[in-house]
Amino acid sequence: MIVPYTHVMLLGAIVFLMGMICTLTRRNLIMIIVGLEIMLNAAAIVFVGAGLQFQQIEGQVMALFIVAVAAAEVSVGLAMVVCIYRQRHSIDPQCIENSPRVPDPKAASEPLTLNP
Amino acid sequence: MTVYAVFFYIIAALIIASAGLAITRKHMVHAVLYLVVSFIATALLFYLLGAPLVGIFQVILYAGAIMVLFLFIVMMIRMAPGADRPFPAGHFIAAFGVCGVYIAAALVLAFFSGPEAGRPMAAAAASPAAFGFYLFDQHWLAVEMISILLLVALIGALHLGRAGRRKQSGNKEP
Amino acid sequence: MQMHAAHFPFLSTILLICVSGLALVLVLPKNSNAAVKWVSAACSAATLALSVFLFAAYDRAAGGMQFVERLDWIPSMGISYLNGIDGFAAPMLLLTGIVFFTGVVSMWELDFRVKEFFALFILLVIGVYGMFMALDLFFIFVWFDVSLLPMYLLIVIWGSSAREYGAMKLTLYLLFGSALILPGIIYLAAVSGLETFSLPALVENASFSGFEQKTAFLLFYIGFGILAGVWPFHSWSPTGHVAAPTAVSMLHAGVLMKIGAFGILRVGMFLCPEGWMYWSPMMAVLAVIGIVYGVMVGLRQTDLKFVIGYSSVSHMGIVGLGFATMTVDGINGAVFQMFAHGVMTALFFSAVGHIYDRTHTREIGELGGLSAVMPAASSYFVIAALAGIGVPCLASFWAELLVFIAAFRVYPALAMISVGVLVVNALFMLRVVRNTCFGPLNPRWAHLKDMSFAMGMPRAVLAAAIVGFGLMPFLMYDLIQTASVPLIHALGPAVGLAGPESVETLFTELMSVWP
Amino acid sequence: MTDWILFIPELYTLAAGGVFFFFCLGRGRPGRDYAAAMMLSAAGLVLTVCTAGFEGLVFEGVYQVDLYSQVFKALIYSGFFLTVCLCADLSGVDKARHSEFYLLLCLSTLAMMLLASSVHLLTIYISLEISSYSLYVLVYFRRGYPKGAAPAFQYFVFGAASSAVMLFGFALVYGAFGTAHMAELMGQVPARINEPVVFTGFVLSLSGFFFKLAVFPFHLWAPDAYEAAPHQVSAYIATASKVAAIAILVRMIALTGGQSDRVAWVLIFVSVASMTAGNLAAMAQKDIKRLLAFSSVAHAGYVMIGILSANAMGYTGAIFYGLSLMVMKFTCFMVVVKAADGGRNIKTDALAGLHQRAPVLALALLLALFGLAGIPPTIGFTAKLLVFKAAMEQGLLWLVIIAMLNVVISLYYYLGVLKAAYFTAPASQPRAIAVSLPFRLLALAMIVFMVAGGLYPRYMTALAGAMTAGLLP
Amino acid sequence: MLLQPVPEISLFLAWAAAVVPLAAFGLILVFLRGLPRAAAGTSVAAAAVSLICAVCLLVRHLGMDAPLQSSVTWMASGDFEIAVGVLLDPLSLVMLVIVTCIAFLVQVYSLGYMAGDAGYGRYFGFMSLFAWAMAGLVLAPNILQVFIFWELVGVSSYLLIGFWYEKFSATRAGKKAFIMTRAGDTLFFWGWLILLVWGGTLQIFELNSGAHGLSSAMTTASALLVFGGIIGKSAQFPLMTWLPDAMEGPTPVSALLHSATMVAAGVFLLGRLFPFFSQSDTVMTVCMAVGTVSMLLSATMAMVSRDIKQVWAYSTISQLGFMIMALGAGGYAAGIFHLTTHAGFKALLFLCAGVLIHAHDTNDMFVIGRAGGRRMKTAMVCMTAGALALAGIWPFSGFFSKEAIMGALAAADNPVWLFCGLAGVFLTAYYTFRLIFIILFPRTQAAGANSHGHGSVPASAAMYAVLVILAVITLAAGFFAQGFQDFISIHSPHAKDGHTAFLAHIASPVLAVAGIFAAWMQFGRSASDQVGFAEKIGPVGRLFASRWYLDHVYAWITDRVLDRGIAEGARRTENRVIEGALAMITGWVVICGRMAAGWHRAMIQPKLMVAVAVMFGLTLILLVV
């Protein structure tokens, strides 16, 4: 006997939302991806827990595939970040934003190569 | 409360704490290292929950390969001074509000769910052999598909890497 | 609803003629303007001939739906291609034929993007014809929208003042209407539980609850009513008329507005008699407001087309008033008014169009004395104005007469108001006539030439229709009768008629609008 | 035992991808790549259509081949084929990258085909990811787009976040039922859908599909991505990708058996919100692709009406809507590709004088726009009629009225485009648009299809109706 | 007295009398617009046919003992039918003869008068239209037919007044005539709506015999409303000012429409419905009052006018007022007789005036006098004959009819009516001979050459022939007074014909002579300054000359109340409320669109947060709800 499934689910939910917070509030493209990874991890936790609850391997298989997908996600995501960094010399999400309505004094001091 | 349960709560606390530290670190290297801790703790949790093979993959792939990739990138990117400034407070409040309400709702749900849900799970473990057999027997298609996914990711990363370079060399829109 | 199947698909033949005309126009080479015009004219003449034939061949003794054609279309949804005409549709077909023909001939002098114009114009007419003959709700809606669809381009490309605004306003307004009609149609089809869109089948077999009928009727009333120029949804019409080219104005005021009224009749009243009954006081009040309001606003306008546009609002109010009475006389009058107003307003716009083509102005203040240089054009203008006033022995008189009689039976106070407005109506029409055709000739127009015989011909046809049906209204009433009597009988016990004391209940009537 | 015949179209597509993979390894030769893509996609389309009658379960029950999936595959393949048809002038993409471009397009198509047949949450998830990843990268194929990788990254973040949310939802659903197989879920979900965990899991798992279909609130990537992507990719996202999303979304919603008011309310909300937001925002657009992106969002809202009705008519309507959307959106993009000079983005007024420069295209555009506005007799009207009828059978009169009011709003900007094409006089002598004969035939085919779908949709609706047989309890 | 069917031959004659002019009208308008002589010939021939038919009818039915009626359903709608037909009784026969006779004579006269006019053909077309409409009106057996033709005569009046359309004043006068009569017609419309809907019948015979279902109050109301139409058509107070303006039309038109026949249609209708009207004393009193006021007011206006046609126009109103007074007082036969004689002598007066105007190209009586109007002997003699008839001097026809009216007035309960009538007689004689004397005795004699001066055209023989015929009629008609009154009189408890009052019969001619004498004193004798007593008192003169400011009231109503009040209000409502609401809605939609579009340009994370918040929020809210 370990713990009720509910507790695993709760743990998953908490981790998921932490990842979500990271994605939503960190002003850093890499941290956005970090947040996404944490969210995927949370889903994997719930899958494994649920697999145990039903005494199935299915949940574990899911978790395994999540790890694989996470790898793909990270590679593409980070490649994009690198790409953006090369273009903009910044990984602030502000730098890829389109609207001029939120002026950023610091960003303005840095020369942004919007259109080389 | 069994000893398994105690382990569970310890690992859960570890996961949450390290994840919490990871998402709040200003320095990205620190953040990634905390993340590694969190993922390793998750691997332990998988082991506890009867998924040793997944736990191992978690350590190798996630905590290992993926995080190393992160570290590489973090090292490669020279953080501009003043980068990663916080958002305005309103943004934070909104984000925490949304997530907080949801957490609260999840807690409420957890505490008020019926006795059925409170029944602890029996411990069990899937042997790697059984796991592998199940995987290739039942999810053969998914395995093939994930290979395509990785291929796509590979091509994508390749393209992005090349395109980014070309971009730098000043390729103008026609 | 009696159905008499056709031995020969005359109705589809009309559509087919139009479609082949359209196809022919489209395949003609780009610069063959004359050929395009001749093809359109031939197409319109053929449909006019068929419309006249149908008008005459409709068996008035038998009544019911005649020339019925049926073809399964989308069986899974119960949609069938079902056409037929009754005493309401036959005059409308005739009207469409007349206005189509005269419209085409009126645009004979067009020389800008001719091919496209006539293609769109024929497409518009296909929609109109289809709408008047369709008996399947799906097709009614399809044709309804087909008739609106080319409007935007017709106005925007060939229009005049403020055409972009006018076209956009008109299209959005009318599409707003169809945005209410489509839900209404589907709603009824869905709640009937019959898996059919066939109007006769729904009328026969479906039993809609009071609430359903009221809801659906309101949707139809507003939806179609927008097109019929019901106050306060009328304001697209004057703007649209002003912006539109002559033939489009003619078709628009002459036929399209009738489509709206016809839709209320065909869909709303046939399917939702209870809703009709429930909302009829509101219809009556809105109609009378429209009658008064159109005249009053028109009195202050200086652009000829605005004037006619607002008078159309007023005249279409009479149609609405007729519908609201729920009596045979009212319906008869309303349908006749649809016809009469169609012909009259087509003549009006035709004459105005001619004047505008010559003078390039429609400002009443700049015109004047045109009778001296264009006696024929002015005569048609005057005939149209007299018809608009409701002079006896011109078609619209009989229509207004019956509507007012019927309205007086049911809503005495409202009827008295609308009769009273006739004076102002006359004032406003005659003022326009005086300032345009009569009085000293503005020397700027001294060089203008009168219309040629060819250009006069369509106007003569319209004028002949006005006078002909004015002298022989029975030709029309005998026909409309065959449809209106069964419609009213289907309502069950007669609607309560108002007694002398009801003049005092004007206030109550006005209040009863708010349910 | 796997019956490989059933899997033929996918295998073929994979093989086609292999061809392009080998092309990638060599030097880029656009002409060869285009020719190969045309031939392969045409042959694949024929093959897929030929397999439309196949039925069966493969891969231990996680892959279901039936009329529903096969027709969708054919539709997706048509989207692919049509997109390739637009690639004759692939000037938005670097010449050396064409084979990669086709490879990713091909793999994305493959993934969508897999998606259409997947009946296991895992395969659904992975195929969704494959198709999305291809598209993230494809969006960044635009040569020298000034915003660089930013729109692609935004697309990626949205996709990844929504798929993470979806995955969490899947986890909750799996945790509640102990199975991830659709066939097993179908029997259990309707009874338990109102349990908080199940409901939450179900709704969260919808977000991935919402993202794919660009439904509010997961539509926010759409305008930037459409704008930034090469025209062909935008066309592909607007056609094939949408069809695939409809396929899977209909399957998901069919799980509930239409028994849950709560789920229905979620869908009603997103439906109303996305059509309103899409139409309102589209009004303010000048860039045609951005406008089309918002209009796609709005149309996703209309599709949702059919889906949320959760009855035979509704699914039929949603499927038919997907078809009609593909045709109409493709036609619009066809015009954009032809009117845009060298893969540039164009504003609405760049269409000025189109009726003279390319009358066939102008006519096709006219019909497509009226179709998008849902005006008869075009295919778009039939689609709307079907979904509205379905909603009406559920008693949702007000929803239909709201949808129709949205149609009026949408007409405003469609007319704006139309006005540019037919009325606005070009400021300077514009480039004549050369429309080759095959292209003209394609345009004519689209015209005929749009009108036929509006006037005589009998067989198309019957087919769509037949497809829904397996979805209903 | 019961209705009898019309014998077929009479029916044919009646239809022919009505329809032949219509055919002529159609023929002229469609085919003969370019052929003025053929048009004129057609029209005159049609008028002649009508006249012959009318006379034949009259002769055939001189001794009839019951009215004859025949009608066919013209149009049916549900259970409501519109019937057209003929009702032949003494009144309609007499009226028909008057109408056709005057129409014929005037058309013949017009052959000369209108010669050379650009719209010659059109003129005769409209004349035929009028002849048809008037015949239809006269023969109508039901109110609806009356109304239809009533409107039609209005239209032909409009067309004929505005015949010279390039004259702004003429078209304005036509419009005014149409609108003011239309105002009355609205009341008429309401009236017959009540009769039809609540009374249940529009048959004149049934209404007259009381076979309708109206309460007495409703009877009064409907009769008053119908009387409103009569007021409009017969230019009675307060809708009287259109008639003098209508003199802008060609003079033969004034003679035919605006004196002899069309305006008399109002009186005719009153006579038609006399038994019905007399069912309510209130209505009869109102008739008397309106007639009296109109008679006196217009007489005062006639006293100061310089325009020869306007004097006759005022006098027409005044005489119509007399007729209505007579009918209101119950003098049915007297009123109708006066209508008959008036038709003759007023047409004569107008046509004579036409000759003068034609010759001198002016309407101003002083100018005509100075230009030597008196040298046109035939015209002056005929005009004087007409004037004597108008003034009521024996042995001219006017004397007899006026005596009959005085008799009826004397029989009224209140002597005020009689005194008013007598005052009217005096004023009539005064203004009539004011005009005659001004023309006959101009103060400054012009040179003879001026008599056929610039723009004048010599009158043709046809014109003179018509004058002579009418003069003979005027002279002779009076002697058929008794026979006429016997023929026409009806058996009604309210009819007070044949009443004699010695005082009145003496006073009336004496006052007429006094009037002529007064006119002589002021205008005739060589020492007079030709300024009337009314003009000598400034304010009174101005009051009379400006038509008691009635036109100002109407101008105020149309201009201030209608145009700048209600209509402007409606226009502003249209622009501000309806268009404004539209603009507001569309404006807000566009603003919302801009906001939505702008919002889509936000940063990734806020957008993502919205998405997540919506999904989470939806699940939570729906779980709680």
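Residue numbering begins at 1 within each chain, and the chains themselves are lettered A, B, C, D and E in the order written.
Criterion: a contact is a pair of C-beta atoms (placed from the backbone, for glycine too) under 8 Å apart; a residue touches a chain by one contact, two chains touch by 3 or more.
Computed from a prediction, not measured in an experiment: that's the story for all the values here.
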Of the other chains, whose C-alpha centre is the longest way from the centre of chain E?
B
If you average the Cα atoms per chain, which one ends up farthest from chain C?
B
Report the most central chain, judged by the distance from each chain's C-alpha mean to the global C-alpha mean.
C
Of A-E and A-D, the pair with more C-beta contacts is A-D
Mind checking the centre-to-centre distance between chain A and chain B? Centres are C-alpha means, answer in whole Å.
8
Roughly how far is chain C from chain D, centre to centre by C-alpha average, rounded to an integer in Å?
42
So, in whole Å, the Cα centroid of chain C is separated from that of chain E by 36
Could you state the distance in Å from the CA-based centre of chain D to that of chain E?
77
Considering chain B alone, which of its residues make contact with at least two other chains?
87, 91, 95, 99, 102, 113, 138-139, 142, 146, 149, 152-153, 156, 160, 163-164, 167
For chain E, residues contacting two or more additional chains
598, 604-605, 608-609, 612-613, 623
Would you please write down the residue numbers of chain C that are in contact with two or more other chains?
none
Touching pairs of chains in this structure are A-B, A-D, A-E, B-D, B-E, C-D, C-E, D-E
Please give the residue numbers of chain A that touch chain B in the complex, ascending.
1-11, 13-15, 17-22, 24-28, 30-31, 34-35, 37-38, 41, 44-45, 48-49, 51-53, 55, 57-61, 63-65, 67-76, 78-87, 89-92, 106, 110, 116
Would you tell me which residues of chain B are touching chain E in their complex?
87, 91, 94-95, 98-99, 101-102, 105
Complex interface listing, chain A residues touching chain D:
5, 9, 12, 16, 19-20, 23, 29, 32-33, 36, 39-40, 42-44, 46-47, 49-50, 53-54, 56, 58-59, 61-62, 65-66, 69, 72-73, 76-77, 80-81, 83-84, 87-88, 95-98, 114-115
Chain C residues within the chain D interface of the complex
73-77, 116, 138, 141-142, 145-146, 148-149, 152-153, 156-157, 164, 168, 171-172, 175-176, 178-180, 182-183, 186-187, 189-191, 215, 219
For chain A, which residues are in contact with chain E within the complex?
20, 23-25, 27, 32, 93-94, 96-99, 101-102
